[in-house]
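These are the structures in question, set out in turn.
Each of the next two complexes has subunit A plus one more chain, namely subunit B in the first and subunit C in the second.
The block that comes next holds the complex of A and B.
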């Protein structure tokens, strides 16, 4: 009744091509943004900011990056945390070594460094595919973390191998409270999500999907495989790199290379599986799910007064079972469930 | 020179242990087309169950091993029934991700059942240097490693024969080629998968016992799966001899690199050197040393 597009006519190509062609979606999106930018900062507590909202946004960004590579371009990667690490440590070094560099420029340069590393480690994808590639991306994971641990220049010769993020200054305005960090993260994530959405709608995204579905066929009909695959690696690592920088600057503050370990890569992979492989919205839903699940399980364990080691093992089991459950029941993840809901809503309350 | 040989032999023998884990992967991949990331978790689960049975129920090791075998077969059948059967005919990548989920589930389950503290596992094989080698050539080679290598060799021969000579082996390969076609010509898919996972459970048990006796039974056992991956890449996912040769190459080069290159770059390169080696190798032969050549059609 409320979600129906009857009477909304498109009279130009521009209208036909908009991101949200249905008016209700546009209104809902505007309301959501208003909520996130205006209402949440007024009502949320510092705990909510720093334990839920900021990590949620950062992981969404990382999941977005992996989703571009795995979901859209079909290149399975187990090394996303490595690209995050490159982004974080490169940003740190750019901001440290170039005096007076703007913070955001430092982030962008960090992201670009991650993209460069991504291209370097994406090169084998031209020859190898599938599992061989997945196993090969593990090389990135171990090699990058090892490099950052062993080469002390990256951590500015700190004795513990830990970096402390510099104060975040934008035009002399210090970003030091959880709320300000949240707003900064939110703005960056919004801009990058919009960019990603447009990228996958454009011919870049179509070439990625063609390569994903059948790369030999895509090559035959004229897509340049090398360019397409490497672009996917570059864009994906750029997103992961920015996410990694935010992870260090807006979330943790002090960070060691080991924070970007294989476990983190797996968590990001789970986010896109549960959220929906090959979906922008899915990255956000999956990230929210993976952030909230341990918190929920912890509350439950507290309520049942389970010992902590039982609770943490149960958490592992629930994670594993959920992955399998989603793969069997809804391989397209939460995003697909949302799509089904919307389709049902169009007919509601008079389904056929 | 003695030192070089000592490192080399030590590397080769530990490579045999990698090969043993890699074998579990190859077995399942060859027979069902599933890249089973949970193999490491299964190794951990098997070792922990065996130790748990001896410690908590006071069973002797000779009773605990067959019992663990039963548990592993049950686990394999359960995986076939609950996870794989609903995923028939899904893309390989989906199956792979399902096994990542399985990894987490099995790791949680193992520690929930048997606790998460490390255990000692004593096998009736002494970890002492072989005397005549020590006396004659002054090279230290552990007796344990040699016996472990012999066990691996036995296992591999058995499995290679199973694959190439028996009717079951042929059926296994048919299933790996194409689930649906195999079903269509009357190969009992579920039965075949059940067999494969049971055998994989057995290999995991052997690997778990040998690794557990060497390094103690603890969570770190799950990382042997990560050691086995470069072995697989190098040898090819579909080849039993590939797993062995790959294991030997990785084991030897990893130890040599750690000893001779490690000090130049700050050490600890054992973690990534095998991967980078395997990666470079792939650039030359994208399907590994003995892997089947992948022919792609539109």
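The block that comes next holds the complex of A and C.
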């Protein structure tokens, strides 16, 4: 009913190549963006902005980064949090040490630093793959956090190793309320998600997928493995780096290197597994699941006025059970679930 | 079918969250949000501390409140995770007429909400942790590292070790290992220890332990090779018991280990078994029993309102710290009431004034039934800490006993100078003009 496509014909290549070929999808997406940019700022409370929407968007971006590397290019990584840390601390240092540098340029430079670190630690991927590569990227995780705690220059010699994010100024306009921070984060995430979507549809994305599916075959038909893999590492780390900078600037305000620990890397990995490996939408769904579900469960436990220690443990148990449930029902993640729903809706009410 | 079922289920679950209304309590009560953690690696500390605080609230309410004003509270699980902590803070701060104060008992969360509390004008206490330079009320008007900060603790540690060796000058040429949790928490005392190493001529060896600290074989090997005179154990959670056991295995005498106050609870020593016997730590509470604890036992636990499921934890180190914290909070509210109207609800800004003008002397402690439970606290705009005094306690294999009868105060001139320097740097970074709030 909702997805009846009768009458939607494509008469040019451009029409055939658009991101959302179905009109209903286009309308839904436009409505969603309008909602996010225009309606949400009017109705949401500071709590919703700073405790739910901003972290959700930031982790979506980080998951997107990991999804490019793991989902599209097939390179397993456990170092996402480390790349986030590089992004955050590099942005901090660029903004601190270059007076008058624009904030967004600082973020981009932070992202590029993360990309450089990503390339360096992506080098082992040329020789090893799968679990072995995951173990090698684990080194990034430990090395980066160790480096940031050890070398005091990175934290501007702060006695406890915590950085305090500078004031966010864009063209002299201060980003200081939760709503402004939300809009900044949302804009960055939208632009980068669009970029990612186009990247994976272009020949770059095709080359990543070819390498993912079988790298020897990809090499035989002429893809340059080294370039493809390192590009995936660079792009992925860039995305994580920007997410890390936003985490420090738009979300927490102050960060210690320990905030970007292995735990966070795992959480991002779970996001793409639950959301859907190799899917842009999946990164957002996974982030929503991992970030919002515990908060929802906590609110639910409160509403049922359970004793707090029972509630705290119950939350972990229900969360774990739901992860298992979803993975059994749909091992390809929430994005695949949505895709199936859409396909069924297109045939509904006459499935065959 | 499977798909439809799961879709319906998931929408039902998500729908349930959307429609959950937040529990609203009456606004005629002084509301305190509790950012507690009762699961995760630090659950033992969190449940004891917040259990103690809630027990004290229940006691106050059972006795008729603060000049008739009852205390209400709402709890939120942070799991000691900064990101969850910020969420909890944002969720609770506006409820029930607004938060009176906040206490996250976590360095990470405290740093995460440091700027937010100043913006929201909600006082935050960081009892025995957090930024030491926050004691400067001119730069941090809303932060109160009450009783004592890490820097004063570190200074008191050197003083104690100096006295133990027979005078500060005897520290010259000695080796002291700083074995620390490799995080903001563990690195906080370094400026003081480094300055004192220079001043008294002892060698400071810094050995970090990665979070959470359940593997310390190489660190203790390093310690055995260095053969230090003392080891300062700056640990938290599971790291402490592991350190004690590893020390025993390496044949390092436990009475040479001096723990930080977060390494000095029953939860640290009992799991370590006999490896903990003779181990000393700093503390800002004197172990023992007090009238207020007896009152909690008879009026709260006997009425079935106790917060801890294990009644024997009443009076344990973390529980007592929770009681101490709650006592200082309610004293601040009472102080504010004295100025702004007895028996009235206080706003968070009025309570901030209360915190800045605390005077919990020995006479007041006696009335509260907590004589000597913690050092007398007297705050001002310059000094949000109010004391800086600590004691040393020792584990005798069964319970903690105070080793030093009197409160120890370290080199406060040194910590003050460091504090001024560091807070000035923060003020410059954040473009704050230092000054006292009215």
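Note that in this section the second predicted complex is superposed on the first by the 322 of 352 C-alpha atoms of A that agree within 3 Å, B and C clash if a C-alpha of one lies under 4 Å from a C-alpha of the other, contacts with A are read in each partner's own complex, and residues count from 1 in each chain.
Assume a residue touches a chain if its C-beta (ideal position, glycine included) is under 8 Å from a C-beta of that chain, and two chains touch if they have at least 3 such contacts.
In this text the structure is predicted, and so the values were computed from the model without any measurement.
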item: First, second, both or neither for A:315, with subunit B first and subunit C second; value: both
item: Partner chain(s) touched by A:160 [first = subunit B, second = subunit C, both, neither]; value: second
item: Partner chain in contact with A:132 - subunit B first, subunit C second, else both or neither; value: first
item: First (subunit B), second (subunit C), both or neither touched by A:28; value: neither
item: Touched partner set for A:341, first subunit B, second subunit C, both or neither; value: second
item: Partner chain in contact with A:19 - subunit B first, subunit C second, else both or neither; value: neither
item: Intersection of subunit A interface sets (partners subunit B, subunit C); value: 149, 309, 313, 315-316, 322
item: Residues of subunit A that touch subunit B when the two form their complex; value: 76, 124, 127-128, 130-132, 134-136, 138-139, 142-143, 146, 149-151, 214, 216-217, 220, 262, 266, 269, 273, 309-310, 313-324, 327-328, 331
item: Residues of subunit C that touch subunit A when the two form their complex; value: 2-3, 6-7, 10, 13-14, 16-17, 20-23, 36-39, 47, 74-77, 79, 82-84, 86-87, 90-91, 94, 107-108, 111-112, 114-116, 131, 182-185, 187-188, 190-191, 208, 211, 309, 422, 426, 429-431
item: Residues of subunit B defined as touching subunit A within the complex; value: 35, 82-83, 86-87, 90, 92-94, 96-98, 100-109, 111-112, 115-116, 226, 229-230, 232-233, 237, 265-269, 271-272, 275-276, 278-279, 282-283, 286-288, 296-298
item: Sites on subunit A touched by subunit C in the complex; value: 46-47, 50-52, 55, 149, 159-162, 164, 166-167, 251-256, 258-259, 261, 292, 294-300, 302-303, 305, 308-309, 311-313, 315-316, 322, 325-326, 329-330, 337, 340-341, 344
